[in-house]
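Paired with chain B in one complex and with chain C in the other, chain A is shared by the two complexes that follow.
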Partner chain A sequence: MEKRMLKDENDRVDGVFKVTGQAKYFAEYELPGLTYGVLVTSTITKGKITTLDTKAAEKAPGVISVLSHLNKPSAPGYEQDGGSPMKIFYTDKIFYNGQPIAMVVANTFERATYAASLVKATYAKEEFNTNFDKAVADSKSKKLQGQPDYKRGVENAYKTAEVKIEEKYHLPIETHNPMELHGIIADWRPNNQLTVYAKTQGVKATQGTIANVFKIPIENIQVNSEFVGGGFGMALRTWPVEIATVMASKHVAKPVKLVITRMQMFTMVGNRPAAIQTIGLGANKDGKLTGITHRAFGETSVYENFTEGVVNMAKFMYQCENVNTQYTVVPVDLGVPIWMRGPGEATGAFALESAIDEMAHALNMDPLEFRIKNDPERDQQRNLPFSDKNIKEAYRIGAQKIGWNERKNKPGSLIDGQLKTGYGVSIGVFNANRGRASVKGILKADGSLVLQSATSDIGPGTGTGMTLIASKLMKIPADKITFELGDSSLPPAPSQGGSATLSTVGSAVNDVCVALKSTIAELAANSNMDATANFVDVLKKNNLPSIEIIKQSQAGKEREAYSMYSFSIHFVKVNVHSLTGVVKVDKIVSVGDSGTIVSPKTARSQMVGGAVGGVGMALTEESIIDHRYGRYINNNFADYHVPVNADIPEIEVHFINKPDPYINPMGAKGMGEIALIGFSAAVANAVFNATGKRIRSLPITPDKILADS
Partner chain B sequence: MQSSDPKNNQGDSRRDFLKKSSLITAVALTPSVALKAAESQADERFAELFEKIPLNLTVNNKPYQTSIEPRVTLLDYLREELHLTGTKKGCDHGQCGACTVHVNGERVNSCLSLAVMNEGKKVTTIEGLANGDELHPMQAAFIKHDGFQCGYCTPGQIMSAVACVNEGHTTSRSEISEYMSGNICRCGAYPNIVDAIIEVSKGETKA
Partner chain C sequence: MINFQYLRTTTSKSALALLSKDKAAKFLAGGTNLIDLMKRGVTTPEKLIDINHVPLKQIELKGDTIIIGALASNTAVAEHALIKEKLPLLANALNAGASAQLRNVATVGGNMMQRTRCGYFYDTEMPCNKRQPGSGCGAIGGFNRMHAILGTSEKCIAVHPSDMCVALIALDATVVLANQKGERKILFKDFHRLAGDTPQLDNNLKTDEMIIRLEIPINNLAKNSHYLKVRDRASYAFALVSVAAALEISDHKITDVRLAMGGVAHKPWRLTASENFLKGKEASTANFEQAAKLAMTDAKGFGENDFKLQMAPNSIIESLTLAKSKA
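Presenting the complex of A and B:
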């Protein structure tokens, strides 16, 4: 079955592979002599391993080896000083509960799983704290890390404003939980040649990390990651368990496959960090903001530091002369966090966009009107014009589609039997990033075009977007174009993160297509052909089976002259049951303002997916820890509630779809983050509008709705 | 890795038991061969032999005769033994639906079914849904409505969707959503999945 069955050029180029089960994810490669790794994890939260008994496991049927700090399998980079203290199998220290302490390698998955249960550890325990609220409360006297404070105008100006609010917002730990379990297949062969099949958002990043740890040349390492079963940020780094699997393969001289369990997805591959934020807003009675203060504490680990852009949005999203922000991170005895979709900006937007709604209420203004009144003409933080911003139009479209005129400004006004109805709005914004990437284009005399770049597709439809960019430029039908990715031997591209792939790699696709066209034009001229001659005829006339060009592309000086962002407006209608406190999202309208829409079908899906993620963030998602033991207690899909089909109403997506004149040749900006950023606040604002209850702690569960406040 | 350490631990006792029981059985059959094999530390292979039990089943209309450890799930059997990797492992606990297959025409979480429980049964996986190069209407509808992003939950969604239509649970969007809620999609393609199912249930999509 071939992929060339596109009925519509906007269908996903890999759609047939995905609906027939032919798409191969990392764990699905068959290697001769494949063995299976299963991890043993710490049952204490902090301290040291005193004994580790691996004898029984070593003797169990099918077991080839047991790796741990006792045998320190060779990894030269770990033998040097520096780096993270959590060097897997090179330390006896325990930094968090569920930390991998050994790996059993056996000839079947079942045998490795059984043998792993035979490994016994004893520990010297130490006092620990996994409670972020407590850590923040206890942190007053400690010197903390974070990001530089920001100040524009008068600090804490909100305190002296005509109308002011000051509120605190809580966000729990969330876990990415892509459907595909994390892991890797490592195949270490003689002469230090290594092939890995990885679940990664960046094949080049994985290649570089492994080269660093094992001190082998980059060229010796082949990283394959063609299909990735979701990432949402968790596959933006090469995790210790992946390094452990490479160690294992080197150690046993066989290919080793590791697929971690769903429970282990909560402890080994990061999370969205918990956050406690305080927002102070001041406005005059006419509804103009006069002061914004945003202070945030973010969770980090004791063994590695993690920071993200929680307070970014407050600096530029609203017209205001006086803004100050502060962001610090506070360590707890848990695994290190990592960016999760929307990352810190989504955390910050929950607080800021809730507070904006609170201020509108305090002013007795329509929150939409209040937002429009404080919409900035310029980026006051960078003192630059925006490259492209159509927020007012987006507000207008969204308001009309959700039926905003049905909304009553007085909370609790719309009651039908036991259901209270409310409407909420919020804005999302994220830096329109553009990095540097290379793309190779191979234009063939059979009429086809192959494009290659070491980028990734964790789901947004990278290959589809790139194909459509090339198809439009080259006037070649989409089904004659192949975009190859997920292979470290291809021309370099950055990791898929920060909503930058379309802008970054798409620009290189653009440039390579332009170069191919001009080469064809030259060849045509040289062979006395018409300048508009078809490239197939030109190549044939010149006896060329194909031509190849590699182009590197990156942003230029335009980024110094303009402030570049993608925006989204989320409108939500909710029904809240007055007896049970259950919130049901009844309707969603998301409007994307992110330049040209290159791939309409996949772009719409990305916005839909962000809204679904936003419903989870708003209403159900919370990784809960029993702080007595430092363990997650809802570390599975039955207890950690991601939205299911029945939680999601119909979702309307609209795009402004106007090119950003400065960002890149396509005029297109990323959307992965803005699809989610701000969404949770729209839900919280709708819940307030429905019930008069302001919930400042996510997720908005029925107990919080029903509690006396 | 072989050991004659008398200090039995859990692994040793289990293995010793297997060795003894396999030997008792084997002695009755071919004493000299079995004893020789055990002495030459080949007991592992004997243990392996006696740990497995026979299994006959049909997967995608193809009969399979094998012997398998009883602890192997249908999911792991499909993926690791038959290399039918279209069926996905998302949780191994029956909580996500990524491993959904049809057993005798009904949808089943293959991670909650041991392979040996499927003796004599007919299993259909995503690989068996299309008719050669001709996609099943549900597969075509998923492409048309973009009922997926990363694609990992997709085979399970499609197997559930086909069953959902066969079961007649397609009278409304909300009924479809309810009967598709055993299949999690973290990319959030739910509305598109419902659109695809509605189209197929109305018989509008031809592969």
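Presenting the complex of A and C:
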């Protein structure tokens, strides 16, 4: 199957495949002799398995094997000491409710499901705590891990400022919940040859993790992941349940497929960690910030630490001489979290950008004007110039498009019957990364170009972006270019995360195209052809069916000379119903400042998707646990509320679309994260502007609006 | 596998005959709730009697009564010209429920029979008196944000999740039931039960009966009616609180009024005291406020759902106001 662009350069290379069902996701691969794994999970939250009765399951029709810590299927890496204690099927310890404790493998999914219900465990229970708020309250005397404290100037300078605020912000656990359920197909063959069909953001990372656990050469492992039905960060690691499936395949000597349930999506493949943050801001009466303090507690598990960049933004986003931050993680008896779109920065931005709005209000200033007044010329954290930053222009565009001049600075000023209207603004920012990647280019005498790299496309349109970069450089029509990805045998690329793929892999595409062009030029010169001769003619003249070049590309010293970030500004207009407390987002304008826009359609889609995710974070999404039992209570799509179409208004997306002169040859920076970062604060700020109610705990559900009145 | 017998029938007579042989059998109509319950292990019927081919899909006017067959789909009812014209309250309530896809297959009878969406009911590892009498109520002292504030019992504070039923109780519907001996009629308001000491029983349908049809008298409330559903997202979410309100106004006086709520009790909740208060009075905000206050006389919260004590009366006022304002 070749994914090619249609004639219209605005289309996705894989759009037709996706909407016609031809795009094949991991669970759709039908291997001969395929068997099915179904997990048995713990029903206690902490303790030890005392007995595990698998006899009835083993005797059930169609069952091939039941794997658990009792029969420890072979995984040499797990037999070594060290690493996370949550080595699946190598421990009888229970770290959280819903932890996988056994896997039934049967010849049909239904039989495996039934047999899994026959596995009976008994436990020695221990006291546990899944309540993050309580864990934080109890953590005062404990030594906590996290990231190094940061201090610039005077610590807690806000306390002595002319105008100060100090507020606390709460975020609940959010669960990624992409449409596609997590899982893997593992096919372990004799001589330790393994093929997996994975849902992963990094085929090379999956390959490496499996090699490490099973102690087999990387070359023995083929990882395929051409299409991914949404990752949002949850597929950035190879989870224990995937290792368990490989174990199972090795154990039963058959291919095994695991697709976890929607409920299991809440307990075994990560979540956005809950957070409690305190922000202190100080300013002088003229509206210049004099002190920023950002302290954050993030949720983690007892068996593995997870940290992320919650307090990053406070260090450089605003001009301020005195900044200090602190970030620690507090364990609870739940599964380990993982990055979720925007990751920690989205968590931090909710608090910081709400607080900025609170300070503007305290100063009786327009929050936009306040931000402009405190916009830094240089990155004070790293003491470097920004490579490219057009925030003031982004403000201007966004303000005009949302109708910011309709906004009243006094909250609760725009009332029509029971509806109160408000406007909010917020910034998003994320490190503009560029890593190292290799791309192979195969230029053919038939006029086509094939590009290959072991990168992933979890949805943003990687193949489309790469095709457009190559098309522009090579002057080859986009419908003659194929970009192959999601295959670990292709030239290496990093995992798709941190908004870096376009910058990283795109640079390698650029370099390989430059090299192909120069090879063609050499060939042309050597065969007495004009330097501008078409490559098809050059190849034909030289009797070459094709030429191939592999190029590795990475950032240079420019990253030490400049501070590189992508920025976004979100403007939101809301209507709040004063009797029911329902918040309805009425209009969204997001402006991206992320260098050159390589692929306008997919770039816009990224911003739209981020805004939708932002509405969910702001208004509806929360994973709820009954702390008496340590079990999730809303672990399904009916009760865990991702936004629906009816929640989403008109979304306007604008881009500055100016090249960053230093980031990479395209001048393009990632935008997957900035599409979401800060968005929730823009909603909260709009709700405040509408009602005068400051909601510091997400999501902003109708009960919170009413409770606060 | 958990095996079950699947039977299909094409007449209500044969359906009832099959049921009489095995009273633990369950009728399968749209299946939008039953299949979920089976997947979660909440219910494990040994026999399913598929009644989708039984001809009970009529929607028609007979004299002064609108007849709706038990197997008419939610969409068919909501989109039917007769319903839109004569009973817009019912059409609006239906369209506020579930999603378009679910409404296309869900039936009127199935909607009445759907179980609560309480998370403790669905998780077989948690206590629930409705699922397993005597095991306790997880929601009391637990996550009860979605739960009841009216007519609660110490055994169960679950709510009935339907929107349609809120409109039907307001519209004085009658339910026609049948067993092998014949038909009987009960008022819609008597169909669902309060939890009391028997939360495992949602309604008064007997084990040998099936729902045949609804009979709804024509009224003069079509012009000024409104179904307000307050929820966490704009579609595909159960009500935090919903209010069916309908007014007949003549000479600025309320000559007839219907008020019912969803999301507040174990059954659709008719606000009789509020209606009685409003009858004969002016359709004014002050009177609406007083009616809303009356509706909350016996209400009590369980912690996380305390907000409903405010949201419910607010929503009554809003729904009445919107019903009145329709020209």
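Definition applied: the second predicted complex is superposed on the first by the 701 of 709 C-alpha atoms of A that agree within 3 Å, B and C clash if a C-alpha of one lies under 4 Å from a C-alpha of the other, contacts with A are read in each partner's own complex, and residues count from 1 in each chain.
As a convention for this text, a contact is a pair of C-beta atoms (placed from the backbone, for glycine too) under 8 Å apart; a residue touches a chain by one contact, two chains touch by 3 or more.
Just so it is clear, the structure is predicted and the values come from calculations on it, not from any experiment.
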| item | value |
| --- | --- |
| Joint occupancy of chain A by chain B and chain C, clash or fit | fit |
| Chain B versus chain C as contact partner of A:Tyr629, first or second or both or neither | second |
| Partner chain in contact with A:Lys601 - chain B first, chain C second, else both or neither | first |
| Partner chain in contact with A:Leu579 - chain B first, chain C second, else both or neither | second |
| Touching partner for A:Ile651 - first (chain B), second (chain C), both, neither | first |
| Chain B versus chain C as contact partner of A:Arg382, first or second or both or neither | neither |
| Superposed model, chain A: greater residue contact from chain B or chain C | B |
| Touched partner set for A:Ala638, first chain B, second chain C, both or neither | both |
| Touching partner for A:Gly609 - first (chain B), second (chain C), both, neither | first |
| First, second, both or neither for A:Asp703, with chain B first and chain C second | second |
| First, second, both or neither for A:Glu110, with chain B first and chain C second | both |
| Lowest inter-chain C-alpha distance for chain C and chain B in the superposed arrangement, angstrom | 5 |
| Contact residues of chain A, present in both the chain B and the chain C interface | 61, 110, 636, 638, 643-647 |
| Interfacial residue positions of chain C with respect to chain A in the complex | 1-2, 41, 99, 117, 119-120, 122-123, 125-126, 138, 141-143, 145, 228, 230-238, 240-241, 307, 310-311, 314-315, 317-318 |
| Chain A residues touching chain C - in the complex, by the definition given at the top | 43, 61, 110-111, 113-114, 117, 418, 577, 579-582, 584, 619-620, 624, 626, 628-629, 631, 633-634, 636, 638-639, 641, 643-647, 701-703, 706-707 |
| Footprint of chain A on chain B - complex, ascending | 1-3, 5, 9-12, 14-15, 44, 47-48, 51, 69, 71-72, 76, 79-80, 83-93, 95-96, 98, 125-127, 129-130, 133, 135, 139-140, 142-144, 146, 148-155, 158, 173-174, 176-178, 180-194 |
| Residues of chain A that touch chain B when the two form their complex | 1, 5, 7-8, 11-12, 14-25, 27-28, 30, 55-63, 108-110, 115, 118, 177-181, 227-232, 259, 261-262, 458-461, 601-602, 604-606, 608-613, 636-638, 642-651 |
